[in-house]
Amino acid sequence: MSLLIRNGRIVTATDDYRADIFVRDETVTQIGEKLELQADTVLDAAGRLVLPGGVDPHTHLDLPVAPGVVSADDFETGTRAAAFGGTTTIIDFPTQDRGRSMLEAVDAWHAKAAGRACIDYGFHMIVTDLPESRLPEMTRLAADEGIPSFKLFMAYPDRLYVDDGTLYRAMRRAGDDGAVILMHAENGIVIDEIVRGALRDGHTDPVWHARTRPVEMEAEGVHRAIRISEVARVPLYIVHLSCAAALEEVRRARARGVPAHGETCPQYLFLDASLYERGEFEGAKWVMTPALRDRADQAALWQGLMMNELQAVATDHCPFCFREQKERGRGDFSKIPNGAPGIENRMSLLHHGGVVGGRISLNRFVQLASTNAAKMFGLFPRKGTIAVGSDADIVIFDPDRRETISVHNPLMHHMRVDYSAYEGMEVQGYPEVVIARGRVVCDRGKFLGRPGAGRFLKRDRWAGFAL
Amino acid sequence: MSLLIRNGRIVTATDDYRADIFVRDETVTQIGEKLELQADTVLDAAGRLVLPGGVDPHTHLDLPVAPGVVSADDFETGTRAAAFGGTTTIIDFPTQDRGRSMLEAVDAWHAKAAGRACIDYGFHMIVTDLPESRLPEMTRLAADEGIPSFKLFMAYPDRLYVDDGTLYRAMRRAGDDGAVILMHAENGIVIDEIVRGALRDGHTDPVWHARTRPVEMEAEGVHRAIRISEVARVPLYIVHLSCAAALEEVRRARARGVPAHGETCPQYLFLDASLYERGEFEGAKWVMTPALRDRADQAALWQGLMMNELQAVATDHCPFCFREQKERGRGDFSKIPNGAPGIENRMSLLHHGGVVGGRISLNRFVQLASTNAAKMFGLFPRKGTIAVGSDADIVIFDPDRRETISVHNPLMHHMRVDYSAYEGMEVQGYPEVVIARGRVVCDRGKFLGRPGAGRFLKRDRWAGFAL
Amino acid sequence: MSLLIRNGRIVTATDDYRADIFVRDETVTQIGEKLELQADTVLDAAGRLVLPGGVDPHTHLDLPVAPGVVSADDFETGTRAAAFGGTTTIIDFPTQDRGRSMLEAVDAWHAKAAGRACIDYGFHMIVTDLPESRLPEMTRLAADEGIPSFKLFMAYPDRLYVDDGTLYRAMRRAGDDGAVILMHAENGIVIDEIVRGALRDGHTDPVWHARTRPVEMEAEGVHRAIRISEVARVPLYIVHLSCAAALEEVRRARARGVPAHGETCPQYLFLDASLYERGEFEGAKWVMTPALRDRADQAALWQGLMMNELQAVATDHCPFCFREQKERGRGDFSKIPNGAPGIENRMSLLHHGGVVGGRISLNRFVQLASTNAAKMFGLFPRKGTIAVGSDADIVIFDPDRRETISVHNPLMHHMRVDYSAYEGMEVQGYPEVVIARGRVVCDRGKFLGRPGAGRFLKRDRWAGFAL
Amino acid sequence: MSLLIRNGRIVTATDDYRADIFVRDETVTQIGEKLELQADTVLDAAGRLVLPGGVDPHTHLDLPVAPGVVSADDFETGTRAAAFGGTTTIIDFPTQDRGRSMLEAVDAWHAKAAGRACIDYGFHMIVTDLPESRLPEMTRLAADEGIPSFKLFMAYPDRLYVDDGTLYRAMRRAGDDGAVILMHAENGIVIDEIVRGALRDGHTDPVWHARTRPVEMEAEGVHRAIRISEVARVPLYIVHLSCAAALEEVRRARARGVPAHGETCPQYLFLDASLYERGEFEGAKWVMTPALRDRADQAALWQGLMMNELQAVATDHCPFCFREQKERGRGDFSKIPNGAPGIENRMSLLHHGGVVGGRISLNRFVQLASTNAAKMFGLFPRKGTIAVGSDADIVIFDPDRRETISVHNPLMHHMRVDYSAYEGMEVQGYPEVVIARGRVVCDRGKFLGRPGAGRFLKRDRWAGFAL
């Protein structure tokens, strides 16, 4: 099987040039001027960008969050929507049950994904419980199972929170094993205390989700995570960083040479807390954690992306239907399932706000949407670039086409959720054709892939250099 | 009863002038040029400084720390030593037993002090356990009992540690009540994890006390405490700040307008971690928390005192005899009782290193040794200054006399402990005559006071302005 | 001659107590409870604050700024207005003519002041020209003439600017001599370039005064001055600091232990650049340098005062009548005489915005209005406090009385200028009775002093400690 | 003409993969697995890295610095040495004579380079004099002459210094024209004042070169340049940044979103000021500006390279023979010609200290040695990468081979100067074969290129995004 992409403008994290790309089976094997090669499929990319497929390192598919409540996209619907959005790799999160082996969770996630995923996927391991006796599981996951990254929560005391001793224990082991730590960095203990006070005072509306999660408690979590990582000597990756105060802590750490990294998400770049004030419980649509912040925070995050204080844009895709699922928190904001959809919108939003908005170059766009996550999480050069020997995960991207994000636009909404977080926003930049390991999976709104085509990616360990 | 001090050079936190001071009963009633007044006692202070009596806001007298282990000075021996050192007011720490009322602890501490204290004393309340139902105790202590300051521990998980929810709860209540929070700011959860690892690896010597308490974990605690205090809207006072990294967090907080304050101690200004490497278990003498740090940290702390990033010098006096008490940790550094003596040495050390060392002015010396603590903790203007209407707590201080700190120097060691943390150090500056509420209590090495003369000080609330 | 002030609440930079004050001739000689002393004059200060007289370290009286243009107040009218405002000491600026001896300028300023000044005054020397051969003049001024402080300009290339070599030369000599450097810190070379561009583009209105003086150019000047002072080893005092960006440079310097100090002025605390947009050329009233800034800068400056990043509030009083003098710049904003009136409003404004506004304590108010300038500039303890032996410069201040600043309010406007920069602003706090060296000079709007009563103050050198 | 490089490991700023490269004439036309193509020349790169040719954006060939003193390498010897070191592009500096047109200087530099350069070269324009009337020359250079970058000096008052007004004027114009400003950022006015003082005090040895150029004066220059660039809205590139204090200013600027960039040089990464203390005038070898600094500065600079606070490593190659040329400064350090050789050593040193030293990845090595300078200075993608369509400037680099830098090692010293700044240092990493626009110019110590083969590069304007 072979594929030839002609006449495109190839943009990677560094390069920007015109050439043809030849793919044999699943791999790029030649790049050259006017390649004279026969191919089973020939695509003409004239007038288009040819980009590495996106890597979304933060998704939550098929995730149970409470009895009877599971995130609305499973690995089939979620990865299909991702592909429509130009993302060809995701990393999802098996979640250890307290008191149980992490390996069980990995098995469970393999079962969720196998036969369903339309694109390749990897796993980060969520650790919720880590007695000394379980430390060897971490080593095994990093060494043998292709899961050399572990996520810990400083929030959600009732479900996912681990104490600082566990943080340190996990970090120290990860450091020894060449693994990376991902952190949900918010002081959930204090936040829960504030939430209890708000509820006691009769505040139950969605807007109180934001009012009970002050930015100081995110900055605190980020600083604490970084300081412990310094002692534990392990690289750190802060997920869904949402505000200027937290960013400042990442910046300071990097200024003293600490390999601290930060991810933000489109919701923190484009949306703000005023949405919570919408009536009719609509604010619940944006109940996610961290909460949406202010416009000044958005500006700070964009600057962080420009100046490499933040290295990646992920979605934290964790959708819940407004009609049925979000509804559970009517009368008590703390019961609203936390999360919002976005897996499909990431590349277009980032192109629109970043490149069209004049904030970042095309190369930086590729870094943020694909390459950096691939490098940080041991997928490079398989993923994250267009180069000889790399997987042929390629997006033919129309940088000029404008589309409106909406549940009503069939080109832009394939997620299995009844609302869009960006409803009505017009964006410029559209992933016209999406190729995953050499096969066209999406073509101008048509899905040509299949569930089960996506494979589990065993990832390598951290290369040792701060991005 | 009356007292006249003639010909002295009066130095307060601001002023520096020559005048006579007249005291009627316990109070300064006149200050003037060559006062022509009769007095029961007349002291000639020619060639001497006349200073406000020192205020040591951090002492631990008669403190049980483990079964059968009590700090070596009680309120009699400790306050007598304090007086010999020029300190006329201390603030000690009743400690709530977990599950019991704070008021019980206050009663217990009143019982320890009453009839024994030779100088006036106040209390900060150590909170170890704070369900909602106990919050009214805080309000009562602040409003009625003269104890508008509460100390919390982020360290010592086995005994004193409270979680961040408790911190927030206590801070929020204190903020509402106009009280102040004192914080032992070190991440004790992580430190204990590190300690366990060190012991597991067979490291038992005193030097490992320092090696298992990295500066990052103090900086972390300071930042966390500050961030929570910002949300809780309460003034904060970091006790025994010991290193540059922690100081930096105080500095940043103040730069954003947060009323964060810092205290350091002579041990962190004069001693460093190389002492732990002394053989024969001698390092145990300096096992205190935080541990001694490096010389660069000393320089940073001095600068913090010069630039008002730190506002007070206290002792954290908590002595244990080397022969009997420190001995308990032979073979396991984590069992060495934490603490060192110093209540008697503070004023001479600070004068020597600060004023003689050219780092601070005489006015700043008075601020750091007396006035600032009095202001922060609601004792001003009763204590902390020499002014009409203030208590006649006065030190006639010889700025030129040099003495050697030593257990063998009868002028310099009245603490009931068998070693000095500063053995052999020569210092310039000697509190020749010490007057407490109008009575001479120490006179060139002679003790003229009496146990029980010291009174409990009901303190006022915070005045609302960052020092 | 003697004076007794009864029943007042005496507030100094540190203290706050009730007592009577007895003054013999010009000096405070006794402070005590209910003093039983005869006095020629007895004042009852019940219900009033008794404060040290204000020290305004930055005024420009009788200053020629262009041919035929002299600042509107001379030493008689200016010092009388100062006294009405509670200020009993000013420091004015003899200005060296390029190519001439500094001593000539001092003589000229003595001539301006002698026989006219109603309150005491000192001089800072403005250096405009400093070949090696003139360095001994600096030493002589510091050592013999009581002028141990030198002001240099980084702005005004046509008149006052000195290059960085001169800055260094002056700083190095001042450092050796124990003198202090005052700096007008703005990059006037770049600003003039911007101004030329604006005029070339036809922008002539007063608002362009602000638009051509960006905050970056003040921050630049402040940083440059500080860095050169570090190499030259001399204490530095930035005059009329006006914005957050510049303040940040002072803060950073202090954080690294550099004795850098900052003064701001009421105009930068209360007024903002929107005033320049008033029509009818009215914006010219506020053409001063630096220009008025934004509200965010005001907030930053208040915070700087609260946290001691700024140490003094001066006026930079340099009034020009709107009708006649400001008029010169109609059609060319760069020709508007730079400066505004304020010498009379300083204490009430600072009390109102600071103390009544809840930002600073009464003690801090005294520090900022009086004590700190006295200490920094070698006038303490003669000036800047109420203590035995100090000059009896005292203000009986009504903290509750509200008055409206206006050219039409005979209690509030004695400056010889036809407008007020604060017209219509109501302030709380009124200097009811003002005493200069033991004599009442102002009493509820009546002037009882006399021209020539004010004496030149030979000042001491810097004490060596950062404020 | 064609060239095939087989079996190499291709490393670019992003990628790292194995493939063959085919070059037709001067351009890379294909990259692929086992290319089955005929070529005139076939090179086997098995076991080697295949890197983009180095770009050294800072050289001074054939530069007159004083009457009779010209830098020792001309365009022939200098570019040949560069090629031996793996550098295939340099950017040199035509220098405007004061009072003369910049275009004359360009003509002169073209004349120096034409027929001599062995590799491609571009020019940055040094502006020494910029009345309004000359501003159109800048625009013409940027728009028509391929010189869209201008260097200005804040040092060397006697020859190259321009005042801040000129800086602003040049920056404003460059900002409008899409050009970049390079800055020698040191306060030369103050430094010259310090130098005069040192000479007056009889200090004439080379060590005084360092002692009279304090780091504060570099930090000052960097901050000033940045602040002016902010107002002028122009991207800035600080050349030869040498110390932690200066780096901190770049870091702060980037943290506030300013497109400030920094270059350092191997001499500041590997050498320190202790070299100046060598006897026999040997210190003169390292008299360059800025002067060598301390080891702590080296560490800071490495960290700056790791964390992207610095973006490029250039040489500032400006050699003077020790025996004849440096000699001129015996007896007066200020007369020693400033500069040192290094054009040949850059890539090996950076590989050795950076990659072998474990500080930076191979990708980062390529960024710092080649790609970033190409991007910043409008040479990308012609230069700075290996991609289809790019110039075939390629280095086959042996990452394992160790060689000693020495004038006596014929593989390592082709510069026309009688000493090496790194004499005796063993480095790992050797540019075995160097290809410039498709032709092998150096092959294991043999020079196969020819003078005149190098072409002038018309450069594009800045792309608008901070690196």
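Order of writing sets the labels: A, B, C and D. Residues in every chain begin at 1.
By our rule, a residue touches a chain if its C-beta (ideal position, glycine included) is under 8 Å from a C-beta of that chain, and two chains touch if they have at least 3 such contacts.
These figures come from a predicted structure and were not determined experimentally.
Trainee: Starting at chain B, find the fewest moves between touching chains needed to arrive at chain D.
Mentor: So the least number of steps between the two chains is 2.
Trainee: If I rank A-B and A-D by number of C-beta contact pairs, which comes first?
Mentor: Of A-B and A-D, more C-beta pairs in contact link A-D.
Trainee: Using Cα averages as centroids, what's the distance between chain A and chain C in whole Å?
Mentor: Once rounded, the distance between the two centres reads 57 Å.
Trainee: Go ahead and note the Å separation of the Cα centroids belonging to chain A and chain B.
Mentor: Inter-chain centre distance comes to 50 Å.
Trainee: When the centre of a chain is set as the mean of its C-alpha atoms, what distance in Å lies between chain A and chain D?
Mentor: Roughly 39 Å, centre to centre.
Trainee: By the touch rule stated above, which residues of chain B touch at least two different other chains?
Mentor: Not one residue of chain B touches more than one other chain, so the list is empty.
Trainee: Name the touching chain pairs, please: which are they?
Mentor: Here the touching pairs of chains are A-B, A-D, B-C, C-D.
Trainee: Quick check on the complex: what are the chain B residues that touch chain A?
Mentor: 163-165, 167-169, 172, 187, 189-190, 192-194, 197, 214, 216-217, 219-220, 223-224, 227-228, 230-231
Trainee: Help me check something: in the complex, which residues belonging to chain B touch chain C?
Mentor: Touch residues, chain B against chain C: 12-19, 22, 29-33, 35, 251, 254-255, 257, 303, 306-309, 358, 360-361, 364, 371, 381, 385, 387-390, 463-466.
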